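Could you have a look at this structure, given as structure tokens, before my questions?
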């Protein structure tokens, strides 16, 4: 418990935390700006073209910002200690070592759990507000139908925080960890989109970006992601992204010299 | 020769260095003393152009540091022995610095030999002890064979052998006619090494005197320091 | 200046992270080979197919790896404190940044072009005789996109150097480069037309096809810039980032 309090104080007392949280939550404003632009474009369009005008889910597009930000937060929670050698002190005062990473995981995971849904629901709310009954598509149905996908999308954010933490502890370098996250989230899907079937669909199904829709039983038809997983399997894959790197990191930290 | 003329540095609301004027002459070691936060490191940073003075100026051989084209040949400085990239070897680290001032690899090997690191020259600096890093920092300061040398706490982390080595090095560098400014908190060591002493507190000059003058007025250099800085022990800008 | 450049060259050469970043970028050659073997096998079953060229499909890997190299060239000096030592031996901050810019620029330009050309030629050799879509055009037709791809890598590495100088944090600088490379284009896709293509046309990754006179994507259609205008915009990215970094480096305490 005292380890948890110490880690909370560490993360609370650095400026970068607030910058990252600020940018994560600023996505709501960016979403509002995009939705307002879209609404303006709709109003300026000739009436004949309006029935065909569709809009995609802005909150699902914008979630990459809090995802990346919280991934960086998770990474920094541990790599900043390696840069400053504070990690030696941390492991000296908690010689079992895993509670340090465990406590960091609880803190960044909880922050992600708060930030993710706030950003996603916030973006959805302001987008719906700005768009009103203009487009067909994302913002027409009842809110209750959107609830599962919004929750699932929001939950990817804490997964990124834990993924960042695990990779940061494993690689001990902010640059390497962030580069790997970037590869996983941005570079892979681009490459997978170019692969012929059946592997494009298979690999596309386990990419993080395609998991929320599979968790809610939907499909990823219009994207590079696949739709092969059942909701339970998709949930398991999402959790694996968070947990496996963290377990590997704990295993490595117990064995490695600091 | 180092000349400080009404040097002043303000960080926000804190006066780290306050109208500081003194001269460091060649030919002997000048000890630079003061409590933690007195402004010693800031003064050295100002002399080296890392920070810009709010007013006043610091001159080395009559010029501002930033106007030197090959500063390592004029001034050698060790501010922070840990300010090295742990991934480089000692040799590469020194060669990186040497090249900026057109200093060759032969000289790098010479200074490594001189500070006793020749045997670990190809080892990563990350694995060095603090004492070895201090030696590396001193090697860097000596690279350009400069006439002016400044050392901030070089004795930290050195073993007794290393402490004696530094003392002898400082004295012999001064005997060659160089200007040496040396900051340290070890009074007994300072009494053995320095000939003149500059004491500052809260960014202001307290005393400028020879060690002989101070030890004739007080029982020891330590007693002199304690008496003179009694009013100044207060942490200012910790930089 | 030559002396400082020679020092910066040695600094880059003497760090493990440089080789790791280069290695990650050079994975493109291996991935390109695996890719070509794989699609050649498919072509044996199906006759012919249209697959993406490996040097285009894997370009983001080279872009992100070498821009991390650019970021680290300055941020590792800040994280270790080495910057103070560097500024003691080179008091002119403009000279230091300019030397870094030239070295990072040259190193990434050479590395990117070697990796791209290797990937290009090896994949064409492996694809020999198969009709894979990407291997039907002669090198002279592919040269513009290859050169544009190489330039984009250098531009991104220098954006990384400039942003790294400005923010002094590896994480923040790499995050910003990722935003320029992936997040912005991702978000802009969701804008309603015509805003999506109007803005997308100026985004860094989209400048590569425009420099080669190709369209942005099936969704966005043609870009608005001529090849030379696209080149000018590409150059503007690092110039702006480095100008900001330079301004901040000059003004701030080290």
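Note that the chains take the letters A, B and C in the order they are written out, and that residue 1 is the start of every chain.
Please note the rule applied: a contact is a pair of C-beta atoms (placed from the backbone, for glycine too) under 8 Å apart; a residue touches a chain by one contact, two chains touch by 3 or more.
Bear in mind that the values here come from a model prediction, so they are computed numbers and not experimental data.
The touch graph of these protein chains is an open line. Among the remaining chains, the Cα-based centre furthest from that of subunit B is the centre of A.
Among the chains, the centre nearest to the mean of all shown protein C-alpha atoms is found for C.
Between the Cα centres of subunit A and subunit B there is a gap of 49 Å.
Averaging C-alpha coordinates per chain places the centre of subunit B 43 Å away from that of subunit C.
If you average the Cα atoms of subunit A and of subunit C, the two centres end up 25 Å apart.
Across the assembly, subunit B contributes no residue that touches 2 or more other chains.
Among the residues of subunit A, none is in touch with two or more other chains. Within subunit C, residues 17 each touch two or more of the remaining chains. Partner subunit C is touched in their complex by these residues of subunit A: 16, 19, 30, 34, 37-38, 41-42, 53, 55-56, 58, 61-62, 64-65, 68-69, 72, 75-76, 79, 83, 173-176, 178-179, 182-183, 185-187, 190-191, 194, 196.
Within the complex, the subunit C residues that touch subunit B are 3-4, 6-7, 10-11, 14-17, 76-77, 80-92, 253-254.
Of all the residues in subunit B, the ones that touch subunit C in their complex are 45, 48-52, 65-66, 68, 71-72, 77, 79-80, 82-89, 92-93, 95-102, 140.
For subunit C in complex with subunit A, the residues that touch the partner chain are 17, 20, 24, 31, 39, 42, 49, 51-52, 57-58, 60-61, 64-65, 68, 71-72, 75, 79, 169-172, 174-175, 178-179, 181-183, 186-187, 189-195.
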